[in-house]
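Next come two complexes built around chain A: one with chain B, the other with chain C.
Moving on, here comes the complex of A and B:
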């Protein structure tokens, strides 16, 4: 059960032990983590589950897909190098300890 | 004191969640008449039908979420009456629940067709988890599928089932697909795409009769007299808002529960949100009822704010929609209602293009087909009320993304 850490804009951290196979988005919804809205339910259609990962973590995350890449343009919180849609991040053992920052704005 | 929410679909659940996230500490009761845990409807006409998503995967929240957030979720329970005088909801099980705020998120029911044979075995609507389970069970053995209605649900279903070895026929009474929701160029593109995948798309033709043998459907007779063999018929003929409870309580209704711009009904303690609510839309400039996830969640978030900190603010969120028809991703920002001009961006023959829609010389909506970047940029532009004309967006060198930055 990898541990995923969600960091709010004010620095508050929520650490969750998450089953491999779910996604960073679904795990956040299940635990009621603030700031992950995920209106479309995980279809890369709405970009309201945007998170910032540390660019140094990119090698243990799946590559950004074409649709995800386009949806990350013009997100409510400005795009950065490590920007991802958390619905496109299925959790694997390799992601143990991954920290994701939640943007101030999502919608 | 407490907030009672009637209806545990996307709108009802999002309201309960939004109230807690906004710090609401009073009791929340969420009443749903279906037996299952609250679930997402969009996958029902897509991945879930094909077994690519489990019931657990489409739950809005896991079972443990509700007690952990102190949300009293009552599943398989039906509200049978609202007493405005004593501020109580009556439940079918006999319980009465008092409320300070009441929110009606009762949703909608599939519209049934007044067509002979509509009760034959094998003629099914697609709205609930129970419907989708039944359809998923029958898809495997179906050989001749007829879809009645060329809206989002009918097309998503047709896209999901179409494969070699079965015939799929879609009947749409209007002269184009998704006519209530999209512009003509998008209708045309989807008709051609579905035909290319082997779906027989018939426009201007409706179902006249469902024919059967020993109670089971065997064919659909179309209004032009042609018979289409059928062992499975899906009726996607739109929905009727569930207004009964409100009407019986004396709240004004009319194709929806009527609310003001703050989403309050005629009784200011009672709100209505989601598919069942008819509200004055700033984007359409008219009374409107929308059936979409965004409308459910946007209105829920708005009402949560009004309950926690009543500001009598108007609901103004930009509507958006999506439909995924097996690799054809349609995303719509804004409302195309009463548009009088369109502009094409990109080439439909490439399978990636957008249509911008204008009303009175101003951008009101954008439909993106497999072009998410256009959609995202348009959402931002429309949300901020950017004034763009058709000649602006078709000018050489114009980029939506740059304009939105």
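Moving on, here comes the complex of A and C:
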């Protein structure tokens, strides 16, 4: 059960032990983490589950797909290097300790 | 007390909901957020939090309603299926409706459509913008996106209305059934012609995407889903166009700011669909007994998900009845949520927020309500203006 840490804009952290197989988005919704809206439920169509990852974590995350890349241009909070849609991040053991920052603006 | 509240839900009449549902929703939100409403023959869900919960639990709240009038009129569409079957049909259509495609391919086409319509009436200095602009604009944009560009806008409007009347024909009126059936046949003929053309010559349209998907849809699945698109993709952008225009015409201070900074039309669009949700209510059915908002729902219970009410929930939106383009960070539910999250969201944002509204205000200087006749509102399942008589300077 990898641990994922969600960091709010004010610095508050929520650490969750998450089953491999779910996604960073679903785990956040199930635990009621603030700021992950996820309107479309994981279809990569709404851009409201945006998170910032640390660019140095990129090699333990799947590459940004075409649909995700397109949606990242539609986020409410500015796109940065480590921007990801949390619905496109399936949890793997390699993600132990991953920290994701929740943007100030999600809609 | 419980008795009194129960009595309130029982007294609700459909014609009251049709003329102004908002005061009724406020009372329901306060007192009985999940209420059995005999006139609607459903439990109505009116709180934002309950609806947001429901949209995240499709395994409990199914879209595959039994005895669905929508299925009777349109056949089995993506909107009345759950799980993998739903996703397969949705994914096939999706490439035509993703934001990049909308921006590069459809937005320029929408702009031409808007300009041509406005060219047709601008010199006259007055028009009913419902019949002369919003409705044909919505129909022509939809036709382009679907791959039915050669179908007259008037046919699409007639089919759309006839099918929607059918999906609401709880009174079992035979004339309504007859019209809905002939509309469905009309759509089928148009789709068959498009399939023939697009099989050999693919393009960027929805029908072409369905035909050439990795897991292609059958002609029957394409016909039935296009009935859904025509029934459900026309009224909403039309109504968002008239309501958004009306809102700016009646809020001069906000209008001035938007005209000074047209990038704000984006906010106008989002606030418009929050303020008056074009789809006010959509149906769901429980797959198991469950509790929501203090009410125990049996398995198989028919629900009405009142987006119009969620969007005016005072626990989420300050002064919820006020039109205010400066709202930030609050999630309106006008496009639904979860697996059936509106597939036309990006198309609608482009055709209404990026094209129809800015073009009207830019090209019709001094735009104002004509005052010759009052504007009229109507509807609760779908709600919007029924006319929009306007004048401008020529």
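The criterion applied here is as follows: the second predicted complex is superposed on the first by the 106 of 107 C-alpha atoms of A that agree within 3 Å, B and C clash if a C-alpha of one lies under 4 Å from a C-alpha of the other, contacts with A are read in each partner's own complex, and residues count from 1 in each chain.
Following the convention adopted for this analysis, a contact is a pair of C-beta atoms (placed from the backbone, for glycine too) under 8 Å apart; a residue touches a chain by one contact, two chains touch by 3 or more.
Since the structure is predicted, the reported quantities are computational estimates derived from the model, not experimental observations.
K.L.:
Since both structures carry chain A, what do chain B and chain C do when superposed there: clash or fit?
P.N.:
After superposition on chain A, chain B vs chain C: clash.
K.L.:
For A:63, using the defined touch cut-off, is the partner it touches chain B, chain C, both, or neither? Pick first, second, both or neither.
P.N.:
neither
K.L.:
If we overlay the two complexes on their shared chain A, which of chain B and chain C does A:105 touch? Say first, second, both or neither.
P.N.:
second
K.L.:
By the touch definition at the top of the document, which applies to A:34: first (chain B), second (chain C), both, or neither?
P.N.:
A:34 sits against chain B, while chain C stays out of touch.
K.L.:
Enumerate the residues of chain A that count as touching chain B in its complex and touching chain C in the other.
P.N.:
Dual-contact residues (chain A): 29, 37, 39-41, 43, 45-46, 67, 70-71, 73-74, 107.
K.L.:
Taking the complex as given, what residues does chain A use to touch chain B?
P.N.:
For chain A paired with chain B, touching residues are 29-32, 34, 37, 39-41, 43-47, 67, 70-71, 73-75, 107.
K.L.:
Within their complex, state which residues of chain C touch chain A.
P.N.:
55-56, 58, 90, 94, 98-100, 328-331, 335, 337-339, 341, 343, 345-346
K.L.:
Which part of chain B faces chain A closely enough to touch in the complex?
P.N.:
17, 20-21, 40, 42-43, 58, 60-62, 64-65, 68-69, 293-294, 297, 301, 317, 320, 322, 324, 329, 331, 371-373, 376-377, 379-380, 401, 404-405
K.L.:
Can you list the chain A residues touching chain C in their complex?
P.N.:
Listed in rising order, the residues of chain A that touch chain C are 29, 37-41, 43, 45-46, 48, 67, 70-71, 73-74, 105-107.
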